[in-house]
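As structure tokens, the structure follows; a few thoughts come after it.
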Amino acid sequence: MQLSDFKAVAADYKVIFFDAFGVLKNYEGLLPGIENTFSWLQETGKEFYILTNDASRSPQELAESYYRAGSYAITPERIISSGMLAREYLDLKVNHGTVAYLGTPSSAHYLETPDLKTLPISEVDLSDVSDINALVLLDDEGFDWNTDLNKTVNLLRKRNIPVIVANTDETYPVSKTRIAIAIGAVAEMIETIVGKQFIRFGKPDAQLFMFAYERLEHADGPVSKRDILMVGDTLRTDILGGNKFGLDTVLALTGNTQPQDAEIQIRSTGIIPTYVCESVVISE
Amino acid sequence: MQLSDFKAVAADYKVIFFDAFGVLKNYEGLLPGIENTFSWLQETGKEFYILTNDASRSPQELAESYYRAGSYAITPERIISSGMLAREYLDLKVNHGTVAYLGTPSSAHYLETPDLKTLPISEVDLSDVSDINALVLLDDEGFDWNTDLNKTVNLLRKRNIPVIVANTDETYPVSKTRIAIAIGAVAEMIETIVGKQFIRFGKPDAQLFMFAYERLEHADGPVSKRDILMVGDTLRTDILGGNKFGLDTVLALTGNTQPQDAEIQIRSTGIIPTYVCESVVISE
Amino acid sequence: MQLSDFKAVAADYKVIFFDAFGVLKNYEGLLPGIENTFSWLQETGKEFYILTNDASRSPQELAESYYRAGSYAITPERIISSGMLAREYLDLKVNHGTVAYLGTPSSAHYLETPDLKTLPISEVDLSDVSDINALVLLDDEGFDWNTDLNKTVNLLRKRNIPVIVANTDETYPVSKTRIAIAIGAVAEMIETIVGKQFIRFGKPDAQLFMFAYERLEHADGPVSKRDILMVGDTLRTDILGGNKFGLDTVLALTGNTQPQDAEIQIRSTGIIPTYVCESVVISE
Amino acid sequence: MQLSDFKAVAADYKVIFFDAFGVLKNYEGLLPGIENTFSWLQETGKEFYILTNDASRSPQELAESYYRAGSYAITPERIISSGMLAREYLDLKVNHGTVAYLGTPSSAHYLETPDLKTLPISEVDLSDVSDINALVLLDDEGFDWNTDLNKTVNLLRKRNIPVIVANTDETYPVSKTRIAIAIGAVAEMIETIVGKQFIRFGKPDAQLFMFAYERLEHADGPVSKRDILMVGDTLRTDILGGNKFGLDTVLALTGNTQPQDAEIQIRSTGIIPTYVCESVVISE
């Protein structure tokens, strides 16, 4: 497996799509030196966007967290999150009544509209569910798994409503050696139990890429897919999704895919990045 | 779909295998009148066994719970539980060190031997797991899902050890209209996350039937499989397992399979019971 | 389940997306009277597009087949096929060398470019596969299953190349009572055997909808997703895909979903169309 | 990963269960020197049995093929095949009418009884299927995949009958570098399409082990599972099945599991053999 230099690769593209976790930051915060990369992107006039399977906060709040960490380049309009897709879905397809959710109150807040209120599963009264028109799985935090997952199953037996999974990740790293179960894995368990088909937003699905792509077009004329590079740390989300959307792809080895495992994983999954780079950090 | 009378059907067999939950008892306790059935079995000299996907207690404790509920016919040696298979596995294949578990302390107690101690996941120290030689998933109760499921995933990333699922059920009923998630569904989620192959005990797997069958043979000579009738309320465990083992089967409509759904479920799953009976309760 | 009149429903939308098979035509040809529907769409100034999981022919050839059947309304630019997505993928991501394929020569012809030639699996020489840069699964016809599926498996063991599935359907009807296995089901079998992740184009995936949606935008300004109605006969492709893309949806009962099964299928899958109509044929 | 010497390992057991393909023979015939192993087993008074996922021929015919290849130690009563389980199932559960099958005539011949006749799918008349009481998937050879698999799907849509899969293998090797699709993979495709639950016989399922174990008991008193060693070349069938049945297991590196892949496969699947041996051939 040949390693490429990120700067040399990216030089040939006009737009870069970045995954966030494992590429720009990890469990300890932003990668040291990542600001060099943003400076270089700005100097060279390259557009960039963050495509993230994150429905725990609004793009505004996500941008603020980068700001607080010392990264001023990542403004809200550069962030495309799976939470935005969930919000668009609810706006177009549900638009009134109550949306029950699993997640933190702040994750749900972003979904509220004047006509659509949100309710944590813990506050759902199973004997009166007629006003609940959708269920959204947002985050693995903010609820009691023992009681609220059982309540979720029973809600879905009483109401045939759309279920939206706003983060398809199965796990996420919490330290150098440990991971945590993400809401995507919980969603698969509930889906199997109730036997229904949930609606998933997030990479590798094309809709997140399309959302970013449309934002580009609204800037100054159409951009060819040939001019966009997708960078991620996970084969089955970032790279598979980028490839399928027609983009060239970079696998960065700073997150889910360990350097010693990259080659065997590429061979065994058949998900083939255009390039493999150690890191997107530009050392200078 | 033609309904048969249980007594008329059972009259032609020497041995009856019963599933417990949904056939002999439900969330409220023993089915009213079930004692008539046991009396009739004893009068007519029929052997019977309870085959249950239950690893929450020992056969002795399970029998005691029937006794306390007023059923004196169900003695410990008539009970064949998936917990017994887990215990045999550990005895043959692990036999020393520590077995970590998800479940209640009383479910784990049954697995202990002088050489094998058990430890709830909550007490596992992830920085020192070298003594843990197996993991057993016993029961959905007795642990905190938020913290202990994450700990379970991380244990399995550190130690390549056999994982035993001692109850393959996905859900169980807790009232007339509500169900709860059983440890079998949790096991599937963890298995998908860690990508490993767990060892499952319980119907429809042949091993539980074999355990009961061998007990018969040790009585008074070989019994033909043609003389055994399996009775259950669930197509994909009781009926599939009974059929595959070569037994005639009865679907009882007092549990998981509602009378109005039975025909369509039989047609859509292709799991075909020999007979369908409203209940095993003999009215007299 | 309440049935709606298609004309009354469609009157409220500016653009209609139709599935082809089971909605506009069936195994016997165009639905009798379907021309009334096209006439009404043209009189009322509604745009319409055909979204089809069909990679067996080019849009040009598909349009010709409608023309020969007597339907002059369906011009090539109104047809969005999964084959077009496969072609775009190859153009962007492969673009040189040889593409091996399962399907008829005419299905492959559409994928050829000056730099990219196609080769049926039957003509692949397994001892010299270095020039093969992708595999495309196009159609269930045009090859010998006994020999060519085995050859496909062995090709994928020798070359780690992208595999494109250009039709995700599992089956298609060939008469009132019989169905045939489609290439989508064959793709799943091969994928399981080789353990790799294939790239699928076709409903319910968002990319086919996006292709149609972009064509709209290039007409005369952006169209809101609220003004588009998706009509299909299959819950898990047409309706799930339409819903997820944010469109209102009509389930038509002239194809895969039988009138007597519609309600139970909607309840059991949790895939909920906005409307259910007996047929899109307007009787007049 | 530590390699053990097969003779040293086997010396501690009274009974050896061998998988056939990949352990005793390969695509070229019996492993050179395998007779030394059989001689040693006989000298040391060890019992041995062949447990094979093979339904293509009767045990008698399988034994004859060993005989012709020069191995006189493998008598019919030492062979336990998944075909025997299929035959027992039909005898107990179907026992009259017609069994349709996919496979060669010789594979079906073994299933016939005076009351049960067999019919290849190619000869089934789909307009008159009322006499067909079961379908058995025996072998990947002996039928035309293009036509007969479609016919199989349509038969299962007309008749709700048990479907028996008599060989669960997905593939088998046909030369040093090539494999072929086995009937087990075809069965999974058909099962997905028709949405029904098939009945599978063969490793890792316990029933094949039980069949062999019962034969032992009929010899001279009960044998402890501790005295039996299972040897196989495939983790997910031989080793998983042997472990689950409570036996010590040997992974032999002469078949499906390549020496360079063994360690990573054991770690990634979590299927852990008690020992790993290069070969069961005793060099002397």
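Order of writing sets the labels: A, B, C and D. Residues in every chain begin at 1.
The criterion applied here is as follows: a contact is a pair of C-beta atoms (placed from the backbone, for glycine too) under 8 Å apart; a residue touches a chain by one contact, two chains touch by 3 or more.
All figures in this text were calculated on a predicted structure; none of them were measured in a lab.
S.K.: Could you find the chain whose CA centre sits the greatest distance from that of subunit C?
M.R.: The most distant chain relative to subunit C turns out to be B.
S.K.: Centroid of subunit B to centroid of subunit D, CA atoms only: how many Å?
M.R.: About 28 Å, centre to centre.
S.K.: Averaged over CA atoms, how far is the centre of subunit C from the centre of subunit D? Could you give it in whole Å?
M.R.: Here subunit C and subunit D have centroids separated by 40 Å.
S.K.: What's the distance between the Cα centroids of subunit B and subunit C, rounded to whole Å?
M.R.: The mean C-alpha positions of subunit B and subunit C differ by 45 Å.
S.K.: Which residues belonging to subunit B are in contact with no fewer than two other chains?
M.R.: none
S.K.: According to the definition of touch, which chains form touching pairs?
M.R.: Result for touching pairs of chains: A-B, A-C, B-D, C-D.
S.K.: Quick one: which bits of subunit C touch subunit A in the complex? Just the residue numbers, please.
M.R.: The contact residues of subunit C facing subunit A are 88-89, 92-93, 156, 160-163, 194-199, 205-207, 210, 225-226, 236, 240, 243-248, 266-272.
S.K.: In their complex, what parts of subunit D are in touch with subunit C?
M.R.: Where subunit D meets subunit C, its residues are 126, 144-146, 149-150, 153-154, 157-158, 170-171, 177-181, 185-186, 188-189, 192-193.
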